[in-house]
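Note sheet for the following structure.
By letter and in written order, the chains are A, B, C and D; residue numbering begins at 1 in each of them.
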Amino acid sequence: MALLDIEGLTVRFRTLRGEVHAVNGVTLSVDEGETVALVGESGSGKSVTALAVLGLLAPTATIAAGSIRSAGRELVGLPGAKMREVRGRAISMVFQDPMTSLNPLMTIGAQIREVLDAHTDLRGRAAKQRVVELIEQVGIPDAERRSFQYPHQFSGGMRQRAMIAVAIACKPRLLIADEPTTALDVTMQAQILGLLASLIAEYRMGLLLITHDLGVVAGTCETTNVMYGGRIVETGTTREIFRSPTHPYTRGLLGSIPTMGGERKVKLTAIDGQPPVLRSTPQGCTFEARCANRIERCVVEVPSLDPVGDDTGSMVHAAACFNPWPSARDGGVA
Amino acid sequence: MTAPVPAPSVESSGRRSDVLLRLRRNRGAMVGAAIIGLIVLAAIFAPLIVPETPSKTAYLSRLDGRCCPGSSAAHWFGLDELGRDVFSRVVFGARVSLLVAVVSVAIGLAFGVALGAAAGYFGGAVDSAIMRFIDIMLAFPSFLFAIGLVALLGPGLWQIMIAIGVSNVPIFARLLRGSMLGVRQTPYVASARVLGLPARRVLLVHMLPNAISPVIVAATLAMATAIIETAGLGFLGLGTADPARPEWGVMLANTTRYLQTAPHLAFFPGIAIVITVLGFNLLGDGLREAIDPKLS
Amino acid sequence: MLRFALKRLLLAVPVLIGVSLLVFAWTRALPGGPAQALLGERATPAAVAAVERNYGLDRPILVQYGKYMSRVATGDLGRSITSRRAITTELKDRFPATVELALSAMFFAVAAGIPLGVVAAKHARKAIDHISLVGSLLGISMPVFFLALILKWAFAVKLGWLPSIGRLDVKLKLDRHTNFLVLDAIIGRNGTALVDALKHLVLPAVALGTIPLAIIARITRTAVLEVMTEDFVRTARAKGMSQRIVNRRHVLPNALLPVTTVIGLQTGLLLSGAILTETVFAWGGMGTWIFDAVAKRDYAVLQGGILFIVIVFVIVNLLVDIGYALIDPRIRLR
Amino acid sequence: MIRQSRFRVFASLLALALVAPACSSDDDSSSSTAPPATNTGESPATSAGEPPATNAGASGGTLVFGASNDPRILDPALASDGESLRVATQIFEGLVTTKAGSTEIEPALATSWSANDEGTEWTFTVRTGVKFHDGTDFDAAAVCFNFDRWYNFTGPLQLNSGAYYWRVIFGGFAQNEPDSDAPETSLYKSCDAPSADTAVISLTAPSAAFLSGLVLPPFAIASPTALQDYEADKASVDGDGNPVPEGTFGTEHPIGTGPFKFEEWVPNDHLTIVRNDDYYGTPAILDSVIFRPITDNAARLQALQTGEIDGYDLVDPQDLETISSDSNLQLVERPSFNVGYVGFNQAIAPLDNLDVRKAIALGLNRQAVIDNVYSDSGQVPLEFMPPAVVGWTDEVTRYDYDLDAAKAALAASGLPLPVKIDFYYPSNVARPYMPDPQRIAEAFASDLDAVGFDVTLISQPWTPDYLDTTLSGNASVYLLGQTGDFGDPETFVGTFFRTNSPQWGFDDPELRQSLEDALRITDLDERAAAYVEINKTIMDILPGVPFAHSTSNLAFKSTVSGYVASPVTTESFATVSMSG
């Protein structure tokens, strides 16, 4: 039984200019101990997917269809009190911007302790002890003193560590990390990713890593889902996808990673155009407008997520495209 | 004195056309603008609207020694204690009230913007000197300041406008200075200065237009306050007093003693004040939301 | 914290010196003079000269200022020409009256304004929000004295529910230790007087408190809405805490920051609004006193009274700054 | 009451000679307590309900009275404002007083009195067995103690803001302060108490103003013990030169012999007096009276309606109908000695032109203003003094409202129409003769516009701006008036025209001389004739247009009875009772 099983998730937003289809039939799962990436540009619907899992969508959003199950338990439509039991306990989340994600008026220690208060019986000295332990665990030195400090007294990296301490306080089974390193500088990114990796290993947590940065995915995740325009357009093992990106969008994304070592010289190709704002379920492929490989069918029909090459049915690698790039494995045009 | 004021967000001011668009979508702001528009029209065309000149008294023929008849077909808002047509006076009153609002705010803006811009642009010693002075002025509650100035200058329309205007100076100055300091740190101003553009150009072309929006909002709201403060001064006997140029605040203040015998005397000018002030407040709020949409 | 308070206090000193100079220059620049005011319609130049000589008004203005300040330094604010009582004695009577009124008005404004703002924010863009918005706009748009007269007419004269003037039924005996009548009634364990004093407070406090109430409600609404969209609120919800706790611990404290500032600024408005309100309700406080003094050119009262109000205003703002710092560690621990 | 009439006129003359330079320190709205008139006897007074014949069965109780201001000081010798004197009148008594509701002098602490033929030595037989509120005995020595106290005032107490009425009646002090503006000489010479019931007061000059003046509350006899114990004369000058009474006599321990005793004064809130149960005469009916300062007229009426007060003085004319139509309330009318006038400054064109002045006089619909602004409680004057005063005449040139005549007069002036004039009126003030200056000004301005003037209304706060502008001769047309100190022509036309005041902008030495002469005439008929001529002259010169002699009103709950309004406002609460 998967830790997280999202099936056909569809999320719509009410806006002044009409309804926006942010997420359209997303399906993905995370197993125990598995690290899964959800990759896409901003606006692709990946953060909405993550927020939907914890029921943290804005009041203007509704889950129109689909189901989200955590360890077999349906989360869609779960009443508030039940949902709160899941949050922070079964599933925790680390947010993008450590500068704004912590309450400026509360000490770091208090903010960690709140989780313990909500979900555990730890009180008093024991709780305090646990807070200090957690702070130490995420690699913040001088934990005792630091627990009495306020967010503005922490550096950016330290704040993200504190966020992680909040997230792991109740040893959740699944951690959702929404762009955890985006706001940090490069060296800090590596440290935080390293910390996440070690914590996952230690606690045997599942990880759903949401990022726009394939570079981050490469070293961290076993499985990768590429999202565009509210749909998953390519999915598979990270290795597969990096080796043979099939969907034109994935290729574009990979092309825009500047590589440090220069071991693999891919042309830096930013994708022209803007991601779409989906006012209605589009008739064709959402990427069609920006796609270099567009064919007529793309305009009238939505491509489904089909196995790539000889990989039939196991979903080791699948893409939603009528005219994909040739898989590196079969080396031919489909 | 230096309580933190939410820093005006410079980036979010957005493009002018966006502001206008958001303003036009703001129902409250449009209602406010409509109210003010109507009152401006009433003020301009007052002589055409009213049945008689606002200073015409006829206490003998109309009042019969009694104060004061209420609404009738001939006199929609009734007659006042001197037999004058209240409707005519209320309509003409719009002229003075709008004049007070506009002129006093203009006076406040003229000095406030000059001081604020100087402080925000030059910074350093100039800034400290100006801000200490502003702090001293801000230490006075503004209405108290206005009372003091009217006491000094004597009562009268101009004196009131000057008094209210001057009491607004520190507010505008501080607001503009704050937002100028924000603008000063933006790359385009920095680059304009590095490029060696003349100070005047940097100030007038690059800084002021980008820093002025919170002041515009404050100015709109200050017009509302000006009308209220004029009424308050009138209540304290420091109002304007030319019968040919009736003013709502004075009308209201003079007739409060008839609140029991002839409530309409206080009611109509009172409502006129409330509606006009409401108009400016609605417009000011709308402007603020349009300029800084995050707040809506 | 202490250093912060001291620093603020030091900053206030030049302001107060400037204020005293300004007030002194202002009183001396006023047309007419106390002699004229004192002598009334039958003032002859000789009588005016005699009074001025007697009162030391013919000496150079800087000498007068120097003398005045040296006396102020010893706590002697002079005497009222009209009432012949020491300014300090008058202050002892009148200041508590105004403070009692202003505090009650502010209490009313805060106690009603903040919940109203929170409720409006909670139901943003629904009927209750629109009603409270229009209501608060009307409150702001109403001249204080107009509202005061209407309230008095309706609730005192027509309905007879509440007294129309004064601070206490004159037939009631009450030992005035502090001249805060509510406090005096409590000290004297005088239940009747307490009820009566409170009844006398209702109308003036409501009249005076309506504008701050409206402003506080609006600022609270905006602030709550803004804070609710903050990342740290989402973080708090992701921790699995109930909405109530999230609101209490995270939303409200952060939303109160701008409200605190507004409360400080409104105090100044309350002091000036009191001039109008006190006149309507025959409330023997600072407001009526200072206004009378303007009419009668009572220099000593004007100097002493206005200086005192300004000092109070400066102190209130100081307290607000300190209160702000107490709430916000970013300022306290800078 | 021997010799009283013989000296009466002369006395007022002397007193009035002293009045002229003196200055009332009345403030804005408390001018109701005018000092008593000495010779206008016949003013009818009205009273609330029927004065109780006896006190038997009276219910006592507490009456709350809405005063226009807080008293300033309760030491009557140092008081000159209406509200202080109103309270002092209840606590203190003088040697003589006026009969309730009239100006007739009657015994108080003195039972009888006589003067020598020259009128310089006055012998008073005073009551025995009377005690001050502090339990000490009242006797002739106490009388002399008080007179000597006043005469020996020093320092700031000599100021007009101190012993104002002493200066009015007696002139200077034993030792005038070097820079004092007090009169150099004093009418007072000495006081002897040969026995406990006899006080002999010697004067430096013959005077009957002396006796008339003694009815004034400031000449009430206070307890010598209390005066000393509570340091009534201890005064200093503070940094601003203010007189500072440092003792507590005038604030906490005012002790006299009156029907009420001082109980408590909470400044700016209330002042309580209680019945003096040991009063030698008919004791007061009420248990106590509480004076409560309420400055705003409308607030006073509302407080009466809500029952928070039981009565108040100085009813706004526009409220008369509200009160008279309310069965729970009643009005008590007080005849007033006053005149309100539109003044012209002839130094400012076009007021130098008699035709212009005539046009204004004929064009003002004064009756309409009396009807509307004064709610009929007043009359249109013919001249600058009220009919009750000696020398009043109806033979002056009359300027009854006549629009056509006014237009004709203006045309006769030869000035091009419209003729521009500035019309000044005060704000922040209500005087009995001018209850609503703005309404009066606006009514007159529209009258004058109809005649062919172009009127610009200019308003200034009463003090100091307005008084300064008008009295220093900077206002061309303006509203002013006068409440009489004494019922004598001098207090009206004498004050206005005997000296050359810049407010009128003309100098007529002949008129001034005739006023000087009239002041010295001792024969009542001769004097009356002289003033008749003067009044005729004045109304031909037309220095202004008198527009109102008003009456003032008090309002009470209908349960209150026994309040006797006096033209000179020495009104006692001792006869007041409440029912229900």
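We take it that contacts are C-beta pairs under 8 Å (C-beta built on N, C-alpha and C of every residue); 3 or more make two chains touch, one makes a residue touch a chain.
Note that the structure is a prediction, hence the values are computed from the model and not measured.
Student: Give the identifier of the chain nearest to the protein's overall CA centre, each chain being represented by its own CA mean.
Tutor: Answer by centroid distance: C.
Student: So, what's the distance in Å between the C-alpha centres of chain C and chain B?
Tutor: From the centre of chain B to the centre of chain C is 23 Å.
Student: Using mean CA coordinates as chain centres, what's the chain A-chain C distance in Å?
Tutor: Once rounded, the distance between the two centres reads 54 Å.
Student: Centre to centre, by mean C-alpha position, how many angstrom separate chain A and chain D?
Tutor: Here chain A and chain D have centroids separated by 91 Å.
Student: Rounded to the nearest whole Å, what is the centre-to-centre distance of chain B and chain D, using the mean of the C-alpha atoms as each centre?
Tutor: Taking the average C-alpha coordinate of chain B and of chain D, the gap between them is 46 Å.
Student: Quick check: what residues of chain A touch more than one other chain, meaning two or more?
Tutor: none
Student: Please set out, as single numbers or ranges, the residues of chain D touching at least two other chains.
Tutor: 302, 428, 461, 465
Student: Give me the residue numbers in chain C that touch at least two other chains, ranges are fine.
Tutor: Residues 31, 153, 157, 279, 295 of chain C each touch two or more of the other chains.
Student: What pairs of chains are touching here?
Tutor: Inter-chain contacts occur between A-C, B-C, B-D, C-D.
Student: Using the touch definition up top, name the residues of chain C that touch chain D in the complex.
Tutor: 31-33, 36-44, 46-47, 50-51, 53-57, 67-68, 71, 76, 78-86, 90, 93-94, 97, 152-153, 156-157, 160, 163-171, 176, 279-282, 284, 288-289, 292, 295-297, 299-300
Student: Which residues, counting only chain D, touch chain B once they are in their complex?
Tutor: Touching chain B from chain D are residues 297-298, 301-302, 316, 318-319, 321-322, 365, 368, 371-372, 375-376, 425, 427-428, 438-439, 442-443, 445-446, 449, 456-461, 465.
Student: Would you tell me which residues of chain C are touching chain A in their complex?
Tutor: Going through chain C, the ones touching chain A are 230-232, 234-243, 245, 249-250, 253-254, 327-330, 333.
Student: So in the complex, which bits of chain D are touching chain C?
Tutor: 21-28, 62, 64, 70, 72-73, 156, 159-161, 179-181, 237-245, 266-270, 272, 290, 292-296, 299, 302-303, 305-306, 308, 428, 461-465, 467-468, 471, 480, 482, 495
Student: Along chain B, where are the residues that touch chain D in the complex?
Tutor: 55-57, 59-60, 63, 65-67, 81-82, 151, 154-155, 236-239, 241-243, 254, 256-261
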